[in-house]
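Take a look at the structures below.
Note that chain A is present in both complexes that follow, paired respectively with chain B and with chain C.
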Partner chain A sequence: MPLPSTMTPIATQTLTAAASITFSSIPQNYTDLILVINGQSANGSAGYIATTFNGDSTALYSTTRFLSDSVNRYSGQTFTIAGTMWGSRGTVIHQIQNYANTTTFKTFLTRDNNAANRVGATVSLYRSTNPITSVTLNCTDAGGFASGSTFTLYGIKAA
Partner chain B sequence: MSSISLKYKSKSGNLTAPGDVDLGAMIPLATVTPYTTTTTVEFNSVPGNYSHLQLRALVMGSGYSTLRFNADTTTSNYRSHYLGGQGSVTFAGSDANAAYFANSGSANGMAVILDLLDYSDTNKYKTQRYAQGWDNNGSGEVYLTSSLWMSTAAITSLKITAVTGTFASGSHFALYGIKRAGA
Partner chain C sequence: MANMIPISTITVGSGGSAAIEFTGIPQTYTDLKILGSARTVRSGASSDYLEIRFNGSSSAAYQYITFQGDGSAVSSSSGGSGLSGTAIGFDRFPSSTATANTFGNFELYIPNYTASINKSVSSDTVSENNATAAFAVLQASIWANTAPINSIRFSIGGGTLIDIYSTFTLYGIRKY
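Here is the complex of A and B:
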């Protein structure tokens, strides 16, 4: 049997409609994770995709972000949340590096793209040395994620 | 530098036998994980048979570093532009004579995703794009960078040198080759 490819799809979820989704029991035999989100919020308003790991509370997260809309650019920080703003719809990609290591806090990059109104980048810190075994994405809009939103988790293996 | 021999019997990618390696379009070339603090990381003898390279790094320790190709230290051959956010401040700018790889203000580490496009094409200068950032629960930076190496030589080596600070234990640098269709 051939060995698995370098970039391996671990799991895909397509929602009917939900406020949050979780990838559990993430295998620990990859180097990095890439999480690709393509969807929108159910009520169409701008919102935040809050990302938490291992079921940990929000006290362990912080972010720095910048974004640009059609006119202005912005930058800001959040101290109780990880993840990204996404302007209600579009593609969001989390790059979660060295997720299984047990010696460092976890820093991850996010790029969000919404052709209708914005583009942005975010760096987040999860202040835990625990390996990441689960990821939960919560759409903070009241309507949650819209039906048809897709979420795919990939594992990347280094040499 | 480590290398991997692929066993295809045709460009369609058919495997020759069970047990052959099918790594897909993204091929891991080499990984550097310093066990002790260091100031340089190098990838040498980079094979030229991919379309693009991607370097995925988690750089522990504060400070900034430069990226050089093929041991070319002629600073006028390098140029970069960037935009980003630091706290509530956005910024944009350019650096002549430099291609900065990472510029972290936190020992918690800086994440870097670097794409080197058409790195072995001898008909054009080499353009790179970065997404990089660090956060320290109260301070942080995230930015996007494009950089240019004004040489038509194929890139065969990369050297990352800490100008200030060091690469601490826990840092992780992984280089991948990206294949095009039919390769």
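Here is the complex of A and C:
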């Protein structure tokens, strides 16, 4: 990833415990967004993170991923998931390119990291030409996000 | 206001070095990022790994999963199962028999490095050398220690030296 010319924090949230989190009213004056999640699932099992934009839960999402645990490799496609939380602390980094444009669908890249369970990368697509004004992360199948999980949204400006 | 601030750059000088270390890391940021370019000296080897330790600690508290492609196959590996590792094994960098003047690039991200939590690390490494031994590596690592990170050390893994011209730049990232 090229060195960003600017990386400006837009908002950060530290949870007490919740199934979901939303960043709303995202400024439209950046080129890209980076969302850094550092946390774990509340009940210790695998909690897949469903990422949705603009409150849009219709069938407009798809994801292709490749990932690995300590022994096996996988590749597959899903239609809502980008990122995973586990019972031990991990990091998920979303890079959402060209999020404010009004003419193209939105593609984003995700790096998924948990040293006890798996590492991987995904590419996801939100098939909407609407600019992204909000992002919601939902982790309902593992008791939600654990207390102390942090979420920080950065704006990236082109040079 | 830009919030990705260069803290320090280390370039390995003539003769190479067995290790480099960022010390006295300011505690005023929320996340750390390290961008680097490295090559090692390891007799008879085309690739090599470095070891990463935080706060000078070699206690068993490190664990990692590595996922890599080498141009013809993909493979997985892990180290420090059950937090038994004494360092993060950080693959893969060109070494002595790799094409001359080629270096492996990496990006390493550490969120919440001052928080009283275990430290999760995300890293990507690539080495392309116009030969068969080239790698793309994704790695997830953890240091199970709640102390704030105040130093980061990269030391030689299987080889003898980190090669001349290897560079490591530490950035601080602010949330506020």
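The rule is simple: the second predicted complex is superposed on the first by the 142 of 159 C-alpha atoms of A that agree within 3 Å, B and C clash if a C-alpha of one lies under 4 Å from a C-alpha of the other, contacts with A are read in each partner's own complex, and residues count from 1 in each chain.
Quick note on the criterion: contacts are C-beta pairs under 8 Å (C-beta built on N, C-alpha and C of every residue); 3 or more make two chains touch, one makes a residue touch a chain.
Quick caveat: nothing in here was measured; it's all calculated off a predicted structure.
Annotation: superposed three-chain arrangement on chain A; chain B versus chain C shows a clash. In the superposition on chain A, contact is made by A:6 with both chain B and chain C.
Within the superposed three-chain model, A:69 lies in touch with chain C and out of touch with chain B [touch as defined at top].
When the two structures are aligned on the shared chain, A:111 is found in touch with chain B and with chain C.
Legend: residue contacts after superposition of the two complexes on their common chain; A:18 is shown touching neither chain B nor chain C.
Look at A:88: by the touch rule set out above, it reaches chain C but stays clear of chain B.
In the superposed pair of complexes, A:121 makes contact with chain B and with chain C alike.
Common to the chain B and chain C interfaces on chain A are residues 1, 3, 5-7, 66-67, 73, 111, 121. Chain A makes touch with chain B in their complex at residues 1-3, 5-7, 31-32, 62-67, 73-77, 79, 95, 97-98, 101, 103-105, 107-109, 111, 121-125, 127, 156-159.
Every residue of chain A that touches chain C in the complex is listed here, in rising order: 1, 3-9, 12, 36, 38, 66-73, 88-91, 93, 111-121, 148, 150, 152, 154.
Of all residues in chain B, only 2, 4, 15, 18-31, 56-58, 60, 83-90, 108-111, 113, 131-144, 170, 172, 174-176 touch chain A in the complex they form.
Within the complex formed with chain A, the residues of chain C that make contact are 1-4, 30-31, 35, 63-67, 74-78, 81, 107, 109, 111-112, 115, 117-122, 124, 138-142, 173-176.
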